[in-house]
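The structure follows.
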Amino acid sequence: MLDWITGFAAWELLALEPPGWGGVLLRGLAVSLQVAVGGYILGFLIGICGATGKLYGGPILRDVLDVYTTLVRAVPELVLILLLYYAGTDALNRFMALIGAEPMNISGLAAGIFVIGVVQGAYQTEVLRGAFMAVPFGQIEAARAYGMSSLQVLRRITLPGMLPHAVPGLANLWLIATKDTALLAVVGVAELTLVTRQAGGTTKSYFLFFFAAGVLYLTVTLVSNVAIRRIERHARRGMPAVR
Amino acid sequence: MSSPHSAAGTSARQSAPAVQVADLHKTFGELEVLKGVSLTAKTGDVVAIIGGSGSGKSTMLRCINMLELPTRGAISIKGETIDMQPDGRGGLRPSNTRQLQRIRTRLAMVFQSFNLWQHMTVLGNIIEAPVHVMGVPRDEAIARAEKLLERVGLSDKRDVYPAFLSGGQQQRAAIARALAVEPEVMLFDEPTSALDPELVGEVLAVIADLAREGRTMLLVTHEMKFAREVANHVVFLAGGVIEEEGPPDIIYSAPKSERLQKFLATVQ
Amino acid sequence: MGPELRSWKEPHRLVLIAIGIGIIVFAAVNMRWDWLPRYSGRLVEGVGTTLWLLFLTSALGFLLAVPLGLAQAAGPFWLSGPARAFCTVIRGTPLLLQLWMLYYGLGSLFAYWPEIRESWAWPYLRSAWPYGVLALTLSFAGYEGEVMRGAFAGVPKGELEAARAYGMSPLTAFRRIWLPRAIHRALPTLAGETVLQLKATPLVATITVVDVYAIISRVRQDTYLTYEPLLLLALIYMMLTGVLVLAFRWLEAKVPVKSS
Amino acid sequence: ETVRVGVAAEPYPPFTEPDAAGNWTGWEIDFMNAVCAEAKLDCVVTPVAWDGIIPALTSNKIDAIVGSMSITEERMKTIDFSDKYYNTPSVIATAKGSGITPDAAGLKGKIVGVQVSTIHQDYVTTHFGDAAAEIKEYQTQDEANQDLAAGRVDAIMADSLALDAFVKADACCEIVGAVEDDPAILGAGVGIGLRKGDDELREKFNTAIAAIRENGAYAEFSKKYFDFDIYGK
Amino acid sequence: MSSPHSAAGTSARQSAPAVQVADLHKTFGELEVLKGVSLTAKTGDVVAIIGGSGSGKSTMLRCINMLELPTRGAISIKGETIDMQPDGRGGLRPSNTRQLQRIRTRLAMVFQSFNLWQHMTVLGNIIEAPVHVMGVPRDEAIARAEKLLERVGLSDKRDVYPAFLSGGQQQRAAIARALAVEPEVMLFDEPTSALDPELVGEVLAVIADLAREGRTMLLVTHEMKFAREVANHVVFLAGGVIEEEGPPDIIYSAPKSERLQKFLATVQ
């Protein structure tokens, strides 16, 4: 009757080929990573625009962006995902209908990326804004004094100069993005957490699959950490070590 | 400027003054900091700008390369006047960005707080403007940078990041960065006041060296003794105008205005 | 206060506020809210459960985070190693998964021991909230342990030396100087983490704990309304977040720090 | 013409469950295939969280629900249904030898588990709400089953077939009997959920359901799962 | 110590020296910083410790209250020797924690960088040790703290957090904190070197005041003129040993050792 123990010992259930569920888990992981990467990149684009808007935009833009970041950061991701998932696609389709186009069939994956991107965007806006502000203004003035155009100042001085201040925050957000994908289970996106639950439910070996998924998530985190440390070392070149 | 003796490096063909400031006004909000300043520096001149704290020395220097936009007046570099137009709020703004960027490369500013780019090595800082603004080939820029580093005595710090240099070394690197654009005029804003007394010497030595070479320089400084030694013209700013100017010997030994007398008494 | 008040009166803000009010009025008029009175009692109870979960787990988690942070900042390797491993695992896996692992994994295992089933602990072990509390507590401890590590390490050494020089025993020095100083340093981060903790509480609804999110899910299932209950839920969480942020501001203001 | 058919993403054996290859199997999947073949529709299975399956339908993410969804008054306010395609009684399962009877008296002071958004939830709340000590709501039937096995609930109420499969697979528990019928809540069987006003699709499905009942296809695939006719009366 | 004149506050019954350091050795890894230092300060003595940077002045002071554990030697306060035992790695460690804690309350240290507890107000800092270490009732501690604050001229800063004080004010608060434990000996480690020149004066005035009162004090300082005025004994540390010691008049006007002569030449 201890089927969680027998289940736990049933390693063959993790085989990559059916009837093993290993392949399903890995596919789920791939979906999770796709959503995380996509959402993160979308969030980064939103973040760059948001940060520039907050720093250099007019008063209206700044207030609108403030409303965006405050709202998104105050409401649980789970609720945002439900709201954006249903309302977002619904609104899009109504809009398509309005302009007379075919209703778009938005896949769960795309919706997931959109949702994670909007959430990430709010946080990344704040991280990037802080990093922008951490670049000493004198460095920008020096660049102007040497005849750089605004674009050159941004590309050659501001962006690389803010990197060391942005990397820790951005790294943290990446790790959050990988784990927030688990919340998409509630809208039925077949990411790692949902397929884990399906595998557990079908085979009754809950413990085994939760454990396996935990290991997969942890691996993603650990691998990310190694990469982050590299990036950080590169970004922090030229900064004295802090202890 | 009517300096009697002209320094070594002046060549005959350059008849236009290196820097010409005409009727410069600058207002911050309510505060009128510059109330009509005019100044001419011929090629090879070394002009020291002195004055009390808050008298507008930095502001004047920063207006020359448009880091601060003047409220009124004109700036010419080597006879070329920077194009400006009213900004609609009672001030001026540059109307030709390309011209401004080009002129800025002919002026090099050395800041009080160095403002080296922290994410680049010393070499990277020096070749940045030549390569990315003026389009000098990288190899050539590096070769030239190495000569400059030798000149300011920093050859061994070539690949070090600024954060790992002492203040004096950072300021010398900043001077090398300024020299790398082969500027026609160098602007120094209190280049030694952020330094410990022991480090001041090394930087002043480099500047004195440049002066001997005949470079056109405008420098704001509190080091009266030094200004006296290297400058061939001294400008005393007070109350938003040039209160007195002239060759250092006369300014220092026989100040006419009462304000200048008081000022010299407090700093010496 | 003065400039802040004035800033509300800037024209574009007034327009934004008007738009905001417009949206609320539109929502109130055009959406279905007739269900609200029927559920108001249960909603209040749900908010109560959410807050209770938040305070209990943040407090317990913080108590755990102190030794975790201390072990990592100053402990010997056999303490700092496990502490770091704990924090890494908690931070490296989704809370949802941890929650299910505890409830559906670990929790279902107790049932197989008749001794446990007969014991006094069974009524607790069979209900869901202890697992929710445990998972949220561990999660908070994992994240906050990391924060406290930095806070402990960041207390200037000189202040600790001063404590020793005045004859404080290690325990007194910890209690009077090191810990309060570290908490003080960690407070701004702590505020953010507590908001994140609030936002993590709805996950317990997936293991049958009835918090405000579960009530709203119930409303959605009863009424088949898609947006209205979720909007109300978002509003509730926004208000709770606002209260939390204000509370932490007040706490932080108790020991002012000079802003540079 | 492609029809996106929503099924609950959580396994609901023997009606819908994914296998390790990622294919959906079960009686309802077979049913769906048969109906779609009959109606010449190109149906694709789209898993959606049960909790959000009606919003998914109304917000146009799917076109039909084949998810053992009972036809009830309350749901009819929001969506339309095809004719019923099966109907089975609702029963109560408990641990073996619990002595619990499937009525309010038997469940007095007990903890009862049900899946959210089901007719069973409504039924339990209405009929046993006062008697039971607590009603626990689960996102999936599977979790409710599991908690019954783990002793965390004393009884669960669900569709007889779902519980039948469960008690066959797990020796812990037994079905103690059907609850008293309440057509207002338990409804008139299970139908395909459709967006309001999608009458064309509903007609196609209705015709197809009648046809496969007629031509024996229904009986054919049902044999694999059940030894009786689950269409009901 | 063999100071010829003994300061005011000495009372006859206290025959044991206030501080006695005997053959103190201290090694950091390979580096032997103190190589056998002995020193006696009688009650009421004001001992100034001078020496070049890195000569071990701070280390010696820190050994006296065991913030640094000596490698060899003994420390006695008012005749009570701090119990120590070998730590098994060639050094010593205190063997009686209670005794150490008790003795530490009789010694009060004023740090170069103040080290005020930032999460407590000035008053909180001052009453902390009396209330939580010595068990003085809170009211009493507050009453005493207020007197001390008045004494150092900080009465109006009672409820202010340290971060909002100037350096000189912080150091005066630190001195009040030290006085609050009614220490038998006060240890000052360069109490003014973290201060701007203008703030140094206020702190030195308070210390001079304490000296006049007859407090036993050991102070490490770079302010030679000040040391000369307030100390009745000067110790010159060099190369890990006491190179020369004696009354300030003699030390400053007629240094015997060459090292001291050189040292005095550089600092004056």
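The chains carry the letters A, B, C, D and E, assigned in the order they are written, with residues numbered from 1 in each.
Just so it is clear, contacts are C-beta pairs under 8 Å (C-beta built on N, C-alpha and C of every residue); 3 or more make two chains touch, one makes a residue touch a chain.
Bear in mind that the values here come from a model prediction, so they are computed numbers and not experimental data.
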Checklist entry - What chain is the most remote from chain C, judged by the mean position of CA atoms in each chain? => result B
Checklist entry - Among the chains, which one keeps its Cα centre farthest from the Cα centre of chain E? => result D
Checklist entry - Where is the C-beta contact count highest, in terms of which two chains? => result A-C
Checklist outcome for this item: Per the C-alpha centroid definition, the whole-Å distance linking chain B and chain D comes out as 83
Checklist outcome for this item: Whole-Å distance, C-alpha centre of chain A to that of chain E, is 56
Checklist outcome for this item: Expressed in whole Å, how far the mean CA point of chain A lies from that of chain C is 21
Next on the checklist: Which positions in chain A are in touch with at least two other chains?
Outcome noted: 1, 82, 86-87, 90, 185-186, 197, 206
Next on the checklist: Which positions in chain D are in touch with at least two other chains?
Outcome noted: 51, 55, 58-59, 146
Item to check | Sequence positions of chain B contacting 2 or more other chains | outcome: none
Checklist entry - How is the touch graph of the chains shaped: line, ring, star, complete or other? => result other
Next on the checklist: With touch defined as at the top, which chains are paired up in contact here?
Outcome noted: A-B, A-C, A-D, C-D, C-E
Checklist outcome for this item: Interface with chain A, chain C side, in the complex: residues 10, 12-13, 16, 88-89, 91-98, 100-101, 104-105, 108-109, 112, 195, 198-203, 206, 213, 226-227, 230-231, 233-234, 237-238, 241-242
Checklist entry - In the complex of these two chains, what residues of chain D are touching chain C? => result 51, 54-55, 58-59, 74-75, 77-79, 111, 116-117, 121, 136-139, 143, 146-147, 149-152
Checklist entry - So in the complex, which bits of chain A are touching chain B? => result 136, 138-139, 141-149, 152, 156-157, 160-161, 163-164, 237-240
Item to check | chain C partner contacts - residues on chain E that touch it in the complex | outcome: 65, 67, 97, 100-105, 107-109, 111, 113-119, 128-129, 132-134, 161, 163-164, 177, 181
Checklist outcome for this item: Within their complex, chain C touches chain E through residues 156, 158-159, 161-169, 172, 176-177, 180-181, 184, 255-258
